[in-house]
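In what follows, structures are represented as structure tokens.
Two complexes come next, and they have one chain in common, chain A, joined by chain B in the first and chain C in the second.
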Partner chain A sequence: MSTIASGEFWAFVGVVAGIYTIFGLGVQVQFGYTGLLNFGHVAFMAIGAYTMAILTVKTGIGMWAAAVIAVGVSILAGLLLGLPTLRLRADYFAITTIAFSEIVRYIALNEDRLTGGSQGTINLAGAGTAAQYDESWQHFQGRVQDWLGLGSKDVTMLVLVWSAALVLLVLLHVAVRSPWGRVLRSIREDEDAAASLGKNVFAYKLQSLAVGAALGAVAGLFYAWQFSFFSPDDFAPLITFFAYTIVILGGTARTWAVPVGAVVFGVIFAGTRFFDFPPFSLFDSADRAYLRLAVIGAILIGLMAFRPQGLFGKREEMVLE
Partner chain B sequence: MFLQLLANGLVAGSVIAIAAVGVSLVYEILRIVNFAHGDYLTFGAFVGVAANVRYGERMLVATIAAIVATAALALVLEFVLWRPMRKRGAGFMSLFITSIGLALLLRHLLFLVAGAEPRSYAIDPFKVYVVGSVRLGGSQGVAIAVGAVAIVLVGLLLARTALGRKMRALADDRSLASISGVNVDRVVVYTWLLAGALAGLAGVLQGLVQASFTPNTGFQLLLPVFAAVVLGGIGSAYGALVGGLLLGVAMELSTWEALAGGVDPVYKPVVAFVLLIAVLLVRPQGLLGRARLL
Partner chain C sequence: MSALLEVRDVTRSFGGVRAVDAASFDVVAGSITALIGPNGAGKSSLFNIVSGFLRPERGTVHFSGRAIQNRAPHRIARAGLVRTFQTPRALTRMSVLENVLLAAPHHVGERLGRVFATPRAARAHEDAAEREAHRLLTLVRLDGQADAYAGTLSGGERKLLDFARVLMTEPRLILLDEPMAGVNPTLAAQLLEHMLAAREERGVTFLLVEHDLDLVMRACDTVVVMNEGRILATGTPDDVRRDERVVDAYLGAHA
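Up next, the complex of A and B:
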């Protein structure tokens, strides 16, 4: 029981939930508000994390500049993805976007000289040198920790991630209540009606995709900083589906439902990892990992069947037609 | 070299085509993009390995067992999951996401039951068929032959039988087919049986061709399968067959050195995806799909 009781552990669960909140917000914009079934969202996380790490290790520019560029590159990738694919029907779009995220992952996996390949970012500077991209972050985190007088790095990270998540939540809250947000929702409800009112549907969809891409990249940055190491395996299509689970669990088209969904998901996903009492103790740790993913699958099915609007969504605002 | 790659491509393409036609039929008739189809394949592969390795049955018996069991799985899921979901009025995206949940559930139950270690069938790995300059492993030869037969049979079933006509009618216009006396529920049952049986077959073939497989195998094949469905045109079963073969051949031929050096074999799946995106740019409805509003 020792692990369960420790504040450190729950701080870690909280950090994971915070990162998934930012990541899920991207899905909320694209899917919840605009009705775009982007199943390749994890690609933006990968692009954000990798761009930052590669630029930091391989060029002289600082990590912070690299992070800003990383978000920019991700937005650009979103636009490039959207230009050919947004004209497709929803089903074609969904499959094409998964293909996009797999292309990104395959490139990360196989272009060793650019990305470090399957060994991950530790290999970024070539064999023999353990590459690190997060010195500036560690330094910054240490300063924040001293300044706030916090007890540990995990708690500091928790504060930082959730501060960023909160800022983004507020921004998004404002954005979706603006005329811009109303147009997005009108596109979700009826594309033709929006077009007939003179709205450039394609441009709005592209903007929605780009905003989601930026949020995905920011989630990727925090992911990279939290774990100080990542590899292409961290960006499997599964991660996108985690984000959809979070958004649907909380409620589609509800900004503030995302953090709630992410916390519930974090507890299920990371929290149960160290539950060492029955019935969890009946399984060894590998089996528990499988069981956890099976349970997440069952939750998705259950939500779709019995409460498609999630915890806080409105049934009338469902985009699942 | 070209002929060898072409043969390899036909092997890979047959497996993809057999799986893709099932995905396409289910989509046409039920409007479900079944993300769990890859895990139906894996289920078949594991039933096959249980029959073949644990109970020592011949490969033929094991394949039949896999086909029957996977068809049964597809049917059970229709009754416990898809039909109730339709009754609740679940829409396209809702069903899509349900199938993602089902895929996660099935795959990780398989991991729990069968474990993560790679499995293989008890076959002679050194048997080789030589046709001219082409060398095919025993399992590849079988895959190509079985694949060809299955593809022709499915084509005939759709084109020539009453069931095939009803399926196409239903895919075309559900309400029109229904008032013309097509028993929708019954055709749906046959659709799942057919899609499940083909998934079981494709799973065993993939297990044979790959030499070893894990509970992830089906999911890894799912994206090329989807690519084949989309390439051929969603909702066109013939298109899925063509798309599958085309993708398999394109993936293998892309590594041909005479072709501007060829791409690194690790990028074969990427070739499939790039081809898919390229085709959609020119023909947004896929190769054999009909242009349709919305």
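Up next, the complex of A and C:
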């Protein structure tokens, strides 16, 4: 049980929590503020990660330019998804978005020549050719590490991810507290009432989807940089529901509840691996890893029953219905 | 006098039923016009068509000279034709003040780009909107509850909130769907007072669906009577009261 005490392990947990914070902020703006049930959020993460990696490896443009384009492509994908689907009723929209994320994943799986297929980005440049998309990132991370005098790469990554997460958090906070955010919340409450007062509901829903898509793509970029390799399996629908868990855990319609939810989620998710006391010690370590899903489920059920507004939500404003 | 709203031959069916059947009428600028008729006469459908929530199969709706029958509801609202709903649509999980602020027209702070590019302009707009919102809430005597969630208001208070919210849009024509239904007499008198004041001070025109005939006959300039989707009669309250067809279809015993 030396791992549980190691700083490196918890730095890793922190990095993942930071990535999920950025990812969860997208769900917060779409679901928490606008009431859009986008169950295909992971698609934007995949589009962000894959676009950056593919452009970097297969074209001459640099990784940073590729990263910016990746966010733009993800926003475009969000608009393309929204145009035909946002007029659907909420439940049909939700189903369509799941299908969308699976379509993206299946394309990544089957278009080998473009994406590397099931073997992931290791195959990006074709079999037998080494393909690295994150050289520029490693270089940048090394310089930051030297400049700040940090001890390890993990800690450096922790600082970088959370810096980005905090900047995005502040920007989103300003946005949702503005009159723009007020319109989003009015759509969540009653879109006919919003339309009757002159608000272009469809345009605001599109904007909300696009902002969420951009945040999802940025999360995808950090995901790609953190792991230096990824494959279609990393973007299963389950990841979207992790983000929903985080948002519901922290509290809907609260920007700063997202990082809290992400950290709590990250600690439970990673920490349950090391539960070695009864009754968990009855299981072997491989089985215990699966227990975490059960524990997270139990926590969610408990929240629904006793604190439906999440840890920090305002009950009057955002009781889950 | 000129017509602010012109409804011509508007028709709309649901299944085999003609909910609105070649309906035509005018709403004169500066008037209070009532749309009355028995349940199922097509009043609500007609309201939905005029406000853009329903498309007519045939016919036109002109608002201050422009055809609006194919426009989206938010565009009609922005042009100055604003409606309320039969049950007030207070945004319950937002504050009373926010409900009114939401209705501010042409608010630059509602554009995401402007929130970041010109934060001062957005702030200035918001400050002006807040002053106006407080003024309107004071008018309907809800300013004491400005920071409460709208969900905590009573049904009658929600009607007042609805009214303040509609005024906030700077409308030229307000469509009120049964404003007096379920409202106690004191509040009803208050609402009527607000309507008359809005007409006087802001030049607002009103079109309302209402079952309180006493109020209709007393306060309205023109009465449009609907029955089975068709316009049965149009005229002053006195004209309509004396109309045999209206008495048979709706008023019942001779009033």
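Heads up, the rule we're going with is that the second predicted complex is superposed on the first by the 308 of 321 C-alpha atoms of A that agree within 3 Å, B and C clash if a C-alpha of one lies under 4 Å from a C-alpha of the other, contacts with A are read in each partner's own complex, and residues count from 1 in each chain.
By our rule, contacts are C-beta pairs under 8 Å (C-beta built on N, C-alpha and C of every residue); 3 or more make two chains touch, one makes a residue touch a chain.
Remember, predicted model here, so these are calculated numbers, not experimental data.
Clash-free side-by-side placement of chain B and chain C is the outcome of superposition onto chain A. Counting the residues of chain A touched by each of chain B and chain C gives the higher count for B. Touch criterion not met for A:F12: it reaches neither chain B nor chain C.
Of the two partner chains placed by the overlay, only chain B lies in contact with A:A286; chain C stays clear of it. In the superposition on chain A, contact of A:A193 is made with chain C only, not with chain B. Computed from Cα centres after superposition, the angle at chain A between chain B and chain C reads 80 degrees (steps of 10).
Contact with chain B, but none with chain C, is seen for A:A90 once the two complexes are overlaid on the shared chain. Of the two partner chains placed around the shared chain by superposition, chain C is the only one that A:W180 touches, whereas chain B remains out of contact.
After overlaying the two complexes on the shared chain, residue contacts for A:Q207 are found with chain C alone; chain B is out of touch.
Between chain B and chain C, the smallest C-alpha to C-alpha distance in the superposed model amounts to 11 Å. Residue overlap on chain A between the chain B contacts of one complex and the chain C contacts of the other covers 318.
Across the interface of their complex, chain C is touched by residues 171, 174-175, 178-180, 182-183, 185-186, 189-190, 192-201, 207, 211, 316-318 of chain A.
Across the complex, chain A meets chain B through its residues 37, 84-85, 87-92, 94-96, 98-100, 102-103, 106-107, 109-110, 238, 241, 244, 248, 286-287, 290-291, 293-294, 296-302, 304-305, 308, 318-321. Residues 27, 33, 81, 84-85, 88, 90-98, 100-109, 111-112, 116, 223, 226-227, 229-230, 234, 264, 266-267, 269-270, 272-274, 276-277, 280-281, 284, 286, 292, 294 of chain B are the ones touching chain A in the complex. Across the complex, chain A is touched by residues 51, 53, 72-74, 77-78, 82-85, 89, 91-94, 98, 101-105, 107, 109-112, 115-116, 122, 125-126, 129, 149, 151, 165, 169 of chain C.
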